[in-house]
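Some structures to go through are shown next.
There are two complexes below, and they share chain A, which is joined by chain B in the first and by chain C in the second.
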Partner chain A sequence: MTETLLEVNDLNVAFRLASANLTVSSDVSFSVDRGKVLGLIGESGSGKTVTSKAILRLLPKNASLEANAIRFKGRDISTLTEAEFNRLRGTELAMIFQDPVGSFNPVKTIGWHFRTVGKLHRGAGAPRGEIMKEAKEVLAKADIADPENALRKYPHQMSGGMLQRCLIALVMFSKPSLIVADEPTTNLDNLVERQILDLFDKLRRETDASFIFITHDMTIAEMISDSVIVMYAGQIVEQGPTEALMRRPQHPYTQGLVRTARELEGEVETLTEISGEIGTGVHPENRCRFAPRCPLYETACDHAIALRPVEGHGLVRCIKAGQGAANEVTP
Partner chain B sequence: MKLKHFLHNRTALAGLTITTLFLLAVFFGPMLSKWSSNQHDFMNALQPPSWAHPFGTDSLGRDVITRVLEGARISLLISVAGVFAAMVFGITAGLYSGFHGGWMDVIVMRVVDLLFAFPAFVLALFLMVALGYGVTNVALAIMLVYLPIFARITRNMTETVRNDAYVQAAQVMGQGTPRILFREILPNISAPILVQATIAVAFGIVIESGLSFIGLGVQPPTPSLGVIMADGQEYFRRSPWVLTLSGLSVTVALLGLNLLGDGIRDLSDPRLKVRE
Partner chain C sequence: MSGLLDFDDVVVTFAASAGMMSRLRGRTTSFNAVDHVSLSVARGEILGIVGESGSGKTTICKAALGLHSVAGGAVTLDGKPARLSDGTLQMVFQDPLSSLNPRQTIAEAIAIPLRLHGHAGRGNMAEAIDALLKDVGLGAQFRNRFPHELSGGQLQRAAIARALATNPRVLFADEAVSKLDVSVRAQILNLLKRLRDSHDLTIVFVTHDLHVARFLCDRIAIMYFGKLLEFGPTRAVYADPKHPYTQELLGTLDHERKSVASTRDVFNPLTDDRRACRYLNRCPHAMAACAERHPDFRGTGPGHATACYLYEEAET
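Right after this comes the complex of A and B.
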């Protein structure tokens, strides 16, 4: 029996700009089970980062957030005061950013960061020796060869890959139940990316923490997640178990992504692209948002499309979903 | 910033040397003197430099060097107290204002603009007239002159780093706002503030001397550089040493602190750090 850790209902995020209100995330609903990994996929501007930051209340001031409910461990956290919410951060909810170098305070040692987090969660009177001992253990778990030495170093003295390990260790140090990882391997080279992904894989098996893993790379999502959400222009276009979604993607956009990922694995001369761009964020209400780029577009697409369940899959936002083998992606 | 880098930078080294010598002189110099700063000796008034009085005596026969060192110490302490208070309030206001933005930022910065609109010395003069004479009020005037500068520097620096990833990371880890401001942001923006502080102390001495010179600041017989200069200018034609030495010590203090500030600025600029 799996237990639902996080449940998001009808999340809407809009930015107030001088010219207009820009909706960047509309009617997003999903849930994360304890100990599971949810992959959140989409191209730049699809709203994946904004959606996850909204859950952690890290949006800039000109953003407005509306949600039916964001339930964490059964409690609605969207109505908490800032002080109450701050107690959840770090202890229960944590985030790993894209840029490991920038995530550390440049004038402080790695050890200082561990001490700060340690004191924050274990009380100011927590013995320093104990915090440092635990820090070394968690660094060793994150495959840092010489934790003792790492704690003494400043961020600029370490490589990006090492820092990402340290950051992951720092986040695991406070034992959160939900970790949002925002493209944690984007700034790293391929070899290091592989190692970091292996580390994530190891951690998810060793702890009962849940992850929301944001990425634009289908192969990474396939490797690491139990279920996947594909976002396009602020909407969820498809969601379901990773395996089914990768094998038989239903939405034309997902199909394009999966096809490209498969082509990258094989050796092809030219990659199939999804032509066009994601648009400005102002979308006509009465039309499928993917319509301008969709190879299957027809006049029936010119109305608001709802997310609907498809047999043997999850939810798909396309009128043609579930219409037989036409949707099969062959490598 | 390592000591090694510091010693390799000629400006910083010169500034540090002059400032250190100045500090040693004003704090320990008077102890070595056989005279005290308020010891009158009318028989020996306005004596030119001699072995007994290396820089002569003033109109009341007081030893000039002892008085100048004593006075420089008082001027320095007043300036440091004023600048320190300005830093405490200015930095706090700047951090909150730069971090939160919004209406609070607007109000704080408009008050700062208002204070900036007056030339420093005119503002100090006005404050002395409003507050009355005395050592504490001179320090208060210096504080109000420098508070807007610290507030503005801190605010602008805070604004540039507040969206950095480590600030967000600190938020995600559940750190409260004061902690983020003083422990995460402040150490990252301390270099320009430190530079401003050394220069502010130097010009704080000038403000103190100016106010005391025209009789609004420290009141005689307490020596301060301004008080001594005021004394000395009356007899400048007959015995120039009184004014000259007190004026020179203001110059030396300014020179030392300015060079030190410049040196710190050079060292904290990563683009200049390549020369090792």
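Right after this comes the complex of A and C.
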């Protein structure tokens, strides 16, 4: 039986700039089930990071957030005071960033980080021996060969891959229910990237934590997630179960991404291009945001397009979705 | 072996900073970022240099361009030492925004190499700039724009146009698509392929992206901690990788297969024995010979060779 852990309803995030208010995330709604992995796919400027940071209230001061509700374990967390929210962040909701080096204090050992987090979440009086024992266990689970030794090291003494493992262990240490991982393998070499993905795969099977896994890479999303959301220019353009979405993507943008990924996995002479680039700044409200790049564009696309359910698929923001075989992407 | 561009036993040495005690003990504090690499690039091909960070893949390109001094060996173009001032070798970098002057318009950035190398004068400068912009798929409306007004893909096109201004014979592209958005990546990859044909270019493409390398490159060279471990036609290397490192690396493409990547320590250039094979620590097939001497190259197929004792040395 699935249980909804997080439910986001009509989330809007805008940045106040000197010249204008810039909406970077509009009417985003989704939910994450307990123990499941949601892949959040998008390019830079698509709003994927902003959306997830909004849930954790990690946005800069000039950002304004509006939401009907953000329900976590059935409770609306969008109305909590800052002090109340602080008790959730880190213990219940956690984030893993792209750059492990920047996530650690460079003049403190790995052990210090575990002690600090341990005291913060278990009270100042928590016995140190117990904290360190648990730290070693969780490091071992993150495939660190010699946890004792790792705890004594400083961040600069470790490789990028080892440090990312330590960061994952540090986050798992507080046993959060929801972990947002923002491109956690983008800065890593191929072999290490594969190891970290395997580690995530292991963790999601061994714990009942849920993950929101942010990536720009279709192939990685396919490997790791149960369901997928594709964002474009601040909107969700398609969402659904991973397998169906990868096999029969319905939105022309998703189709382009999947096709490129499939072509790069096979052998082709020329790659199919999605023409143009994602627009920055203000998007006209009375037009599909993908219209300037869309191969299927017609005048009917010149109004605001709603996200709608398509038979046999998830939700799609395209008037042409569900029109049969023309949408198939053959691998 | 001679191609258009030849790396002959090239060594690039970096000094590493070390603590006072190790300096007093006289421990060596330098290492070879590129360690005796010989490689030949044929005219008109796209050669992919694939490796992880620290493998020396960028360093060897910079050495060819004179951006790093070569401590041993030589880089030759058409059998002669490459002249660095004539623009026959050009480079496109990973981040186009930081490689273009923010205060110069795109036209100004392209005009400088055109003027310096005498490819265009006052009379025909505008046409020459427009022609280059057209070659990379940018309209004339981009002439008077500044870098911050362009998107990532447009910037990379502009950077390529500027590199083409000197009419280069070899273009080095260092991770030229890895900072670009996925939907734009395909555009630039197709563009590079087209330019190779239309401009009689030879391209050395540095990447860690195995999918991109397979799509773009005719031949692949695999580097690891300064050593060249394997090279051969792309199809042969991907279908039948010979070196255990290449096998492990290409194994990451197979999603069904359980990852076999070892978590043992990688080679440390400052403390490990430099005579040994670089991959010794992690290799599942390590033998006594591997610790004594880094293996020489041995042919394993047409144009395909690897530096590994698992294969018989060809009789010559």
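Quick note on the criterion: the second predicted complex is superposed on the first by the 330 of 331 C-alpha atoms of A that agree within 3 Å, B and C clash if a C-alpha of one lies under 4 Å from a C-alpha of the other, contacts with A are read in each partner's own complex, and residues count from 1 in each chain.
One rule holds in what follows: a contact is a pair of C-beta atoms (placed from the backbone, for glycine too) under 8 Å apart; a residue touches a chain by one contact, two chains touch by 3 or more.
Remember, it's a predicted structure, so these values are computed and weren't measured experimentally.
> Consider chain A as the common anchor and indicate whether chain B and chain C clash or fit when overlaid.
After superposition on chain A, which the two structures share, chain B sits beside chain C with no clash.
> Considering only the touch criterion stated at the top, classify A:216 as touching first (chain B), second (chain C), both, or neither.
second
> Looking at the overlay, does A:298 come into contact with chain B only (first), chain C only (second), both, or neither?
neither
> Tell me which partner A:130 touches in the superposition: chain B (first), chain C (second), both or neither.
In the superposed model, A:130 contacts neither chain B nor chain C.
> Mind telling me which of the two, chain B or chain C, contacts the most residues of chain A?
C
> Examine A:148 and indicate which partner it touches, taking first as chain B and second as chain C; both and neither are also allowed.
neither
> Answer with first, second, both or neither: which of chain B and chain C does A:105 touch in the superposed model?
In the superposed model, A:105 contacts chain B only, not chain C.
> Give the angle at the C-alpha centre of chain A formed by the C-alpha centres of chain B and chain C in the superposed arrangement, rounded to the nearest 10 degrees.
The vertex angle at chain A equals 80 degrees.
> After superposition on the shared chain, which partner residues are touched by A:174: those of chain B (first), chain C (second), both, or neither?
A:174 sits against chain B, while chain C stays out of touch.
> Could you grab the smallest C-alpha gap between chain B and chain C in the overlay, to the nearest Å?
Superposed model gives a least chain B-chain C C-alpha distance of 5 Å.
> Which residues of chain A touch chain C in their complex?
Residues 43-44, 143, 145, 159, 189-195, 197-198, 216-219, 222-223, 253, 256-257, 260, 263-265, 267-268, 270-275, 277-278, 280, 293 of chain A touch chain C in their complex.
> Once bound in the complex, which stretches of chain B touch chain A?
It comes out as residues 101-102, 164-166, 168-176, 183-184, 187-188.
> Where on chain A is chain B touching in the complex?
Residue positions touching the partner: 56, 58, 61, 86-91, 93-95, 97-99, 102-108, 116-117, 120-121, 167, 170, 174.
> For a test of understanding, state which residues of chain C touch chain A in their complex under the given definition.
52-53, 151-154, 181-187, 189-190, 193, 208, 210-212, 214-215, 235, 248-249, 252-253, 255, 258-259, 261, 263-264, 266
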